[in-house]
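Pasting the structures here.
Presented sequentially are two complexes of chain A, the first with chain B as partner and the second with chain C.
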Partner chain A sequence: MSLFLRLLFRNKLAGFGAVVLGLIVVLALLTPILPLHPPNETNTANRFLRPLSDGHLLGTDHLGRDLLSRLMWGTRLSLAVGFAAALVAGLLGATIGVIAGYFGGRTDNVTMRGIDMLMAFPYILLALAIVAVLGPGLFNALVAVAVVNIPFFARNIRGVTVGIAHREFIDAARLAGMGNTRILLTEVVPNIVPVVVIAMSTTIGWMILETAGLSFLGLGSQPPQADLGSMLGEARAALITAPHTSIVPGVMILLIVMSVNLLGDGIRDALDPRLRSGALSRPMAATRVKRAEAPAPKGDGLLRIDALETQFHVGPRIYRAVNRVSLQLDPGECLGLIGESGSGKSVTALSVMGLVASPPGVITGGAIRLNGQDLIGAPYELLRSLRGRKVAYIFQDPLSTLHPLYRIGDQLIEAIRVHEPVSHAEAHRRAIKLLEDVRIPNAAQRARAYPHEMSGGMRQRVGIAMALANDPEIIIADEPTTALDVTVQAQILALLDDLRRSRGLAILFITHDFGVVAQLCDRVAVMYGGRIVEAGPTPKVLAAPAHPYTKRLIACVPELGAGRRALAAIPGLPPAVDDLPPGCAFAPRCEKARDSCRAGEIALDGDARQVRCLFPEVTP
Partner chain B sequence: MTPALKTTDLTRSFDIGKRLFGPPRARVHAVNPMSFEVPTGETLGIVGESGCGKSTLARMLVGLLPPTSGQIEIEGRALDRADPAAFGRLIQYVFQDPVSSLNPRKTIRQIIEAPLRNLHGMHGPALDARIAELFDAVNLRPEFLSRYPHEFSGGQAQRIGIARALAASPRILILDEPVSALDVSVQAQVLNLLAELKVKLNLTYLFISHDLAVVEAVSDRIAVLYFGSLVESGPAEKVFATPRHPYTKLLADSAPVVGRPLGGAQSGELPDPLNPPLGCAFATRCPRASDLCKRAIPELRVVEGDQFAACHHPLAP
Partner chain C sequence: MGGYILKRLISAIPVLLGITVIVFLIMAMIPGDPATAILGSYATPENVERLNRQLGLDEPLWKQYFIWLGNLLQGDFGRSFALNRPVLDEILDRFSATLILAGTAFVLCAVLGVAAGVISAARQYGLADKAITFVVILGISVPSFFLGMMMILLFAVQLRWLPASGMYSIWGGGGLVDLIRHLTMPALALAVVATGVVARLSRGAMLEVLRQDFIRTARAKGVHERRVIRGHALRAAMVSIIPVLGIQAGFVLSGAVYIEMVFQWPGVGRMLVDAILKRDILLVQGGVVFVAACYVGFNIVVDVAQAWLDPRIKT
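Showing the complex of A and B:
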């Protein structure tokens, strides 16, 4: 709760809305005990008194009734009706939506077509029709406004429910012997409550306006009862001669609706888990850099990373995702970067072109040199001209990296023309050639396909073609085959290997699979807890791992052809990078760990074959 | 001896392009007639690539999806398809994604309690004792019970998923890719836990995975699926060592193995499910395909000993 309030008030406008609305609500609640004139007491002798006149702070209306009193009582009524309508519409709409979304099929079809019919009427016409049938009156206006708003909730909640109804925990509940009603009440409903609250908070303002609209037309509250809409309606005749009678309720409606909407947006942002993490602000075009000084290069190479430090600053916590990582990639070389989830391998790769999302990502130290030129802190124009042209990326899931609404040929053409001023026809010719290079059959025809029309393997080939579009020197492949089936993975790996030899590409290959590294990479670096713990030529590292972590990780991986057996496991969990132990990060899980391992920084020793361990398995 | 699990000609097809009235526009056969047996206390490994029907098969076995035709027998008794709770007491499911299989708004205690209360009518001290016993069995600390799923890592969440499945006291566990969402160092912990529990509780496993090495390491027998059909089955140590079906060989050659050059880079994709081939589904990718293969669907039959293959021209060892 306190987190919710903090998030809410982080948004200043929402805080303002909350304060204004809070004041109005408190005043409305206190109205009966405030020293006000009775709202319906007429005094025609004092009609149309100006504001600030004696005894009538806001003046009087055409029957000489005290405007302040009528305003307070009217606000009280309008707020109550608005909240009640929102509650009724929210409850009924959510119930319909949950049932339609959960049961699906024919139930869904019939209910939602009914809802569609409701939506086909212009809302004010529908509300007028309902009031015309039920007769004028505040309660009937409430019913009309609620009914008119049901479709909004029903459709919204149905969409959310469909997503939840197919989640695995619903299947699990069914296997646990629960019936449909219990699953709906105990599994589905708790998950949609936040959505209902968000939808309500953003529509209450609208409902207050609609009720006021009906009252303005004389269909809501009946004289002499005051609500904001009817006050406006009665004042309309005297708009020119006594404008204050219209302005007073008008300003109140403005204040209520504005504060409700500001607060509603704030509640939505605070409750939405995606926005909660700070993703509300769009990430910057390049990762933020806060670096004291660039370290001197320790060697050369096409791409040279020296003591790179990338961190995520989330609130008071600092996640040291990449901690003084140094790597070197030579032309035509394939370097494998291997590690478990959270080891920092992807963040290292994304840091190269400044693609780590900021906020919360910050590069706090180190240097990344491409052909000797430091890229950290380089102007965005430079990074942009290098992205894709010198260094290209291939990501894990091509379905989410390709644009779903454009044909793949057009996406390739765009990628080519961003960096090179060639004609559309020439770009098209080259796009087809690229698709042929990645061995897509019927390239010319396939170029007209949309991403969803292709299989996972074909999409990843398009991803590779995209990376090759501008003839880069380096390809950074982030788990490009993890989402693929084994036979397709073998095809993609063979393709990458061919391309690298025929084009002299350097590849930084990120993976968690030792088999893949062994088949593709010349050298390998092993990461753990944001650091490189071991590096060297692939055959040597795999045959005789020097770091205990590498050795035991390799032992965990079952090997095909060895038959049925018990597997070696590493007890414990990988460390959280916001709370790294001093010394070796692997020490808590290591059998060989001694006090000296936990004491302080351990250096990455060695030259071609490096290891960060005081008691290595073999001497490198 | 009666097998723990037996299926006879189990099939499932899906209607594509449903209309309000009249027949659907097309039908896709996700699982073609499939018959197999799993003896008590054994693990049957099921491998296959995406789209081979392994998840459909698993969902039918636990009663989440009614079969189009065919029978499921558990310990000699045919199962009533109408009642998921009847399935629940005999056969349980461990999901692929441990975190999304736990309701984010419930505590671990509420999650574990559900099968105990609903399937076995437990309450009071008996319930608490059973929960403690289950948590002990999967090596989790009791203080986790009051926490919510998002506070757990993948490996811990998968243990909770296993504890929930065991809570029903089933005879059979269907493990649908139980470790593919986990890191290798944690994967081995969960696999070893499963092996221990199997011996202790005399369970029977159906272990579904796309990772050949993992399946080989945990299974007694392995069945290979391709395009909705069983193409090969046999003892775990033989299926990948001496594959008889060309598809099994392609799978085995494609798996990345330390110390073997890149191989199996053979092109080709699954046939179109809306327009299935007349003969063997693998014929278009198969180097040994003959005219016969394009005409007639091969039956699953003994190749040698207890190794079966659905192939007109099985490979020699």
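Showing the complex of A and C:
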């Protein structure tokens, strides 16, 4: 609760709303004991007095009644009616929603069809029809506004209830022999109360507006009693001669509704976990860079990553996803980057072209040199012109990485035309050729398909075709076969290997599977906890892993025909990179770890064959 | 596509029937005797009874409903006793005015709202975003009728730029320019609230989409950020914005009632309020059914647009 209040008031606008609304509510409650004129005391001699007149702070209306007093009494009435309508609509709507959602089946069907029917009306028609039946009057306007809003609550709450009704604790309660009524009251209702409160806090302002509207039309409160809406309605006749009589109640409605809305938004945001984690912020066009200075260039290579540091800054926490990683990729070479989920391998790959989502991602150090040119902090336009043209990506799940609403042919054509000013027809011809290159049958016809109309393997072929569109020098493949089944996986790997040899591509291949590395990669680097722990030529690393982690990782690959053996999972979990222990990150899961492993920084030793371990399995 | 449209049209039939039932039942609950309302309280019992028979009010309720429905289907909405003319004629006259007003406001809210939402999302937490967010909060909190009155004070009374009320000038009016001058203020006042809502939801939808994997793919291809936002992201966000536009159309239609009162616009909303205050039941009944039916029709258009935009729906 205190966390909730802190979050609420961290949002300054919500705090402002809370204060203004609080003030208005207190004044409205105190109205009967404030020294005000009676609200209905007419004095036609003093009609339309301007604000700040003697004895009438806000002036008087067309009957000489004190505006301040009428405003306060009107506010009181409008607030009461608005809150009451929200309460009634919320309670009735929630009840209907809970019953429909909990019992499901026919009850649900019939109720929700009825609700749909009500929602087929523009709301005011329904409200007008109800007022037509009940006759004009404030109470009837309240009923109309409440009824009109019931469908909204019923629908929302039904959705939430359906989710809850199928959860384990409901089944458990049923097995324990609890009746429906008791389950509803003790298990379901407590879980939906927050949802109802949020829905009410976001609609209450709306209901105050609607009641004011009906009163404005003359269908709500009847003279001499006035709420804010009918004050405005009466003042309309004198809008031009005495505008203050309109402005006073109008501004009050605006203030009330605005403070309610601000507060409602604040409440909703404070309760939304996504906002707290920053998951609702927009990723920028390129990863943010906050680097002191670039390390001096050393060595050559097509792509050289030197001491790269990429971090995620979430609130006060810093996650060191990539911690001083250095890699080199030569022309035509395939380098495997392997590690468990969360080891930082994908973040390393995405850092190359500044594609790490930011916020929260920040590149804080190191250098990434493509043909000797440093890309970190490079102007956006340079980065953009390299993306897809020099360095292309293939991503993991082609269903979510291809645009769902564009035909795949058009996505390929776009990939070609962003870098080359060729005609649409020419781009189309090339796109078909690319689809044929990745061995998609009926390429011309398939180009007109949408991603959801293709199989996983075909989609990944499209992903590869798109990466090849501009004949890049480097392809970064981020787990391209993980989402595919085994036979398709083998086909895709064979295809990549072919393309690489026929086109002289360099590939940085990200995976968690040593089996794949063995098939495809010349060299391999093993990542753990954001760092490289071992690197070397694939056959050597496979034959004689030096780091205990690499050894365990290789042992995880089941061998076909090797007979039954226990699959060796690595006990424990990968480390949380916001709180890394000093020394070796693998020490907590390592059988051979000693005190010295936990003492301090361990260097990555070696040249062609590197290992970061004090007690390596073999001497490289 | 044709099949989908047909399916949607057929599914609207029960909704339309439901609407007539609801409206009929609500109107049947009105206390008092319509014949007495028409003839006045000094009418003789014989006259009242004769009129009741003429109006078919001595029949059982379900029979009355089917007679009324049968007449509706033949385009006979009955006769308004207060105006002494066929209900349908009056509705059609008035509805064209409402359609001009609400249609303009709807186009405004859709265009301005989506544009504001996209800008807001593209510059999240920037100055433009903060300014738009502020205006949006103001926009969704101001009663449209109050806003309309303030606009009259400023633009018609103080600055004398625009006429304060009506649809055409009484003398020498009637042209398109005249209509636009009269339409500007009410359409803007009506569009403000809906624009706010659309802007807010578009911003949310864009932010949601901008985090998706296919946006990263577009960037990885080297697509310019401008095109990523206006093409890839907006196209995907439209899938969740379009239904919101459908809902907003209902709110614009509803808001038109207030705006028509404020600006003396000769539309269907003002007609309904007058009819309620005069207890002109057939006019209320016919007007509500007619507008609701148009709204249902509009929602079909929205659904079809949605299906056209999202190839995943048709299957």
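Keep in mind that, in the parts below, the second predicted complex is superposed on the first by the 478 of 620 C-alpha atoms of A that agree within 3 Å, B and C clash if a C-alpha of one lies under 4 Å from a C-alpha of the other, contacts with A are read in each partner's own complex, and residues count from 1 in each chain.
Quick note on the criterion: a residue touches a chain if its C-beta (ideal position, glycine included) is under 8 Å from a C-beta of that chain, and two chains touch if they have at least 3 such contacts.
Everything numeric in this text was worked out from a predicted model, so none of it was measured.
Novice: Report for A:P283: first if it touches chain B alone, second if chain C alone, otherwise both or neither.
Specialist: second
Novice: Output check: A:L175 vs chain B and chain C. Expected answer is one of first, second, both, neither. What do you get?
Specialist: first
Novice: Mind working out whether A:F216 is in touch with chain B, chain C, both or neither, as first, second, both or neither?
Specialist: So A:F216 only meets chain C here.
Novice: Which holds for A:N109: it touches chain B only (first), chain C only (second), both, or neither?
Specialist: Touch partner of A:N109: chain B, not chain C.
Novice: Figure out whether A:A226 sits in contact with chain B (first) or chain C (second), or with both, or with neither.
Specialist: After superposition on chain A, A:A226 lies in contact with neither partner.
Novice: Need the overlap of the two footprints on chain A, from chain B and from chain C, as residue ranges.
Specialist: Dual-contact residues (chain A): none.
Novice: Using the touch definition up top, name the residues of chain C that touch chain A in the complex.
Specialist: Chain C reaches chain A through residues 15, 18-19, 22-23, 26-27, 29-31, 121-122, 124-125, 137-138, 140-143, 145-146, 149-150, 152-153, 157, 206-208, 210-225, 228, 232, 235-236, 239, 250-251, 253-255, 257-258, 261-262, 269, 272-273, 276-277, 279, 281, 284, 288, 291-292, 295-296, 299, 309-312.
Novice: For a test of understanding, state which residues of chain A touch chain B in their complex under the given definition.
Specialist: Chain A reaches chain B through residues 109, 167-169, 171-178, 186-187, 190-191, 340-341, 439, 441, 455-458, 485-491, 493-495, 497, 512-516, 518-520, 542, 552-553, 556-571, 573-574.
Novice: Where on chain A does chain C make contact in their complex?
Specialist: Its residues touching chain C are 13, 113, 116-118, 120-125, 128-133, 136, 205, 209, 212-213, 216-219, 229, 232, 236, 239-240, 243, 246-247, 250, 253-254, 257-258, 261-262, 279-283, 285, 350, 353, 355, 357, 380, 384-389, 392-393, 395, 397, 400-406, 414-415, 418-419, 450, 452, 466, 469-470.
Novice: List the residues on chain B that touch chain A in their complex, please.
Specialist: Checking each residue of chain B against chain A gives 20, 49-50, 59, 62-64, 84-85, 87-88, 92-93, 95-97, 100-106, 114-115, 118-119, 153, 155, 161, 164, 167-168, 183-189, 191-192, 195, 210, 212-214, 216-220, 236-237, 240-241, 250-267, 269-270.
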